[in-house]
């Protein structure tokens, strides 16, 4: 059973605001989706752990420096920047 | 006949210049896109610049490659340097990447001419293209219907001849389903056959990039061009074996087609009939058919949604208004800024999936949902392994129905989830599958079927799909739109 | 009632690889803001991590040097939390299958501090807060870290001090990190609880962060130990929380806020593949490990008869022991070299940082030349010491300060003349010696050595003086 409290908690973890008027609707939807997901509880569990899809291992990069990008490029899409830093103003 | 080859021959024989060709497509986009809403960003300047480059090479008497000068489009979740890439989300509006996706690098090196970026469900989450921030793409067969999703824009553009081909991405059916809805071909490659570097992630362990094309030969040509080892993607191995195009026209006599009964359950009658008719055509071509059960498929849908949403909730955490994209205008403090940016920037479906993903990973629920789903993923992988001991490929409907009417999918999200039933098992098991048109319903809307192969057996399924295309060309219909060459 | 302190450590150590853990940007400390960055380490949409081979190797070396078992199968996980210094909103780390487990470091009191695990992960960027706004620099984001987690095995701040020092020595000796606490390349979080002496139940623990020196760690632990006892004695309960240490006031205070709703939702990172380490690879890496400080110290004490205190100093700094090892090559008495390093050279290398760098003007080869002269009885210890000072001043070899006439000692007739001069010039000392004052001979000896400018063999002078006085 998904409760309003559950939805509020996962919204905080997800960094999302849920407006008071949305909460009932969203809780109901979440409950429906979770019920749908609950179908897996009827599945026989082999208990075997799944590794990765192609069973790949040891894919590495060598420790060789490649020149970084200039800070103008790095900051190019920043909504706000100052003194070569990404900037988060406290208020806006 | 391959559309790409046709265009290539016209360019190489100087029947048309690349610039003229590109202009034809650009003007068709200008006239048709308003109704189709396939493109969200048209890039005429870049396209014409590249076209002129190709023309110079032709004028210099140089031999051009098969994809050189052929116009195309990219789904808007593929990173294109200096060209806005939004995933059709408000949260990425204005974002101009500083790097290229590997697939785009590869196609650029082949001389491709990109016409623009195409529409999709927001962050590839949806089955109708309608969760797009820019509104959904419509179906070229009837614009009252949706193009499907999430790669609806590419499918609509290719189906409407306003792009000869395009690249989409497929996490739970997002290439095959819209290809099926729009009466064209869509290939979802084996997980790891194509580099994901530069594909804006929805669910990393399921996402693959693949071609959406008019014909099977085209899918083969494009797949051969993009499938390669990439040092930037740890999970990418590239194509194993020769080019698929080398064997795409081989005889399929003696090939074994598997039919898992579960794939036909709950499928609409007209779709089932079309698929079974295709089986008959295959038998007439000398293929054998084996029937079997795959009970593990029953759990594929919830397994898919749990895994996909879990990964998505993590992948989409980075949109916080600090480094790129949308940032809330008014806020009080950093935490508030992040929450407002995300709440204002993401659409309803994306938020739902983030919340579900967070839920199944959170303390107390991880074992019951995420861990269990992972274990079941292993079970489904094994079921396919066993199936492929009995057959060369599995034939199944791509979608249990035909295209939805516009507005239908968004009205009931969970009912819409259920329509992914036939496409998601392939992503769970990391397999290749190609969707090809196999008929039309009473309203003239296309029906699609998919050929599912064992890992890295793209050559086999493309060969079999091409054999069908040649035997049943009437299933591949032109629409009224776009460029007529 | 008497209370026992129970402490555990979580130590983050930055690895000295050339590049970051998942991209090819440099790991150099500092740099202009956001100049050591690329699409991968600022988490641009669509980018993917690729693991640096050297990170895995260094972590295994660290594990072997601390007696850990190396996992045959390890994997990378995502630790999800949103913070402006974390560009992907998750840190790639290892959750339930770390590379190294079940190790220990032995302290001088014989107790073993058990190491629960060592795992690899990425560092976050740096935030600068100014007039309420936040400035973000991602240069440090993606620098490789190992996190070394101990069991709650510490019983005193002194054990903590020794552990951190040992950890630094080991990591430096095997060359995986410079472990500079001031620069943040080594960061310790300490868990502390107290319990009545004799109890084997663990009390409620607090975690202290933000200590940038070993002294601060010790002070913070002492403070927190007392604070928790006060809390308990006053009838209250210790609250499980994260505390920040303030070295200006030597107090700890609550860091509330950052850990609201801590649920990291760990899951395997689908962008990275399994790490398999064969037993052969482990042995191959083990073979490349240099001799560890502890073993070295033991060898210096046993083989060279160097006092434990001196052996500790020599092995505390990797560069010093390397210098020592090079200087003693081919010498009969390494102890002399040790005495010179600790007695003379160390006086010029005062700070910890300088000792770490150990950049001295006299090369090990030149020091060896000097000590060789003593061993060959060509010059005396005192002269050698003085010469060393001159060498340290100028950076020139000993041959610049010792001419031919200084070498080869003093012949017998000259020696006799010098002794005669000494006896005649110091009748009081002679009388004292004859009266049974053995020490009086020393002033005569000193006189002769002075005449010979330190060249004479002290033992020969002593014998000659005794003979002549008789």
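Observations on the model:
We just call them A, B and C in the order they show up, numbering each chain from 1.
The rule is simple: a residue touches a chain if its C-beta (ideal position, glycine included) is under 8 Å from a C-beta of that chain, and two chains touch if they have at least 3 such contacts.
What you are looking at is a predicted structure, and each value in this text was computed from that prediction instead of being measured.
By the count of C-beta pairs in contact, the leading chain pair is A-B.
Summarising the inter-chain layout, the chain whose CA centre lies farthest from the centre of subunit A is C.
Closest to the protein's overall CA centre, chain by chain, comes A. Averaged Cα coordinates give subunit A a centre that lies 41 Å from the centre of subunit C. Between subunit B and subunit C the centroid-to-centroid distance comes to 57 Å (mean Cα coordinates, whole Å).
Rounded to whole angstrom units, the spacing between the C-alpha centres of subunit A and subunit B is 23. In subunit A, 9, 13, 15, 52, 56, 59, 61, 69, 74, 86, 88, 90-91 are the positions where the chain touches two or more neighbouring chains simultaneously.
Counting only residues that touch two or more partner chains, subunit C has 39, 42, 50-51, 80, 82, 84, 134, 136, 263, 265, 270, 272-273. Multi-chain contact residues of subunit B (touching two or more other chains) are listed as 95, 98, 205, 231, 234-235, 313, 317, 320, 322-324, 334, 338, 358, 362.
Against subunit A, the residues of subunit C that register as touching in their complex are 17-19, 24-26, 32-39, 42, 50-56, 80, 82, 84, 128, 132-138, 260-261, 263, 265, 268, 270, 272-276.
Those residues of subunit A whose C-beta lies close enough to touch subunit C in the complex are 9, 12-13, 15, 51-52, 55-66, 68-71, 74-75, 82-91. The touching residues of subunit B, when paired with subunit C in their complex, are 77-79, 85, 87, 92, 95, 97-99, 101, 196-201, 203-205, 231-235, 310-311, 313-314, 317-318, 320, 322-324, 334, 338, 358, 361-363, 366, 370. Within the complex formed with subunit B, the residues of subunit C that make contact are 39, 42-51, 78, 80, 82, 84, 87-90, 134, 136, 263, 265-267, 270-273.
Of all residues in subunit A, only 2, 6-7, 9-11, 13-17, 26, 29-30, 32-34, 36-50, 52-54, 56, 59, 61, 69, 73-74, 76-80, 86, 88, 90-92 touch subunit B in the complex they form.
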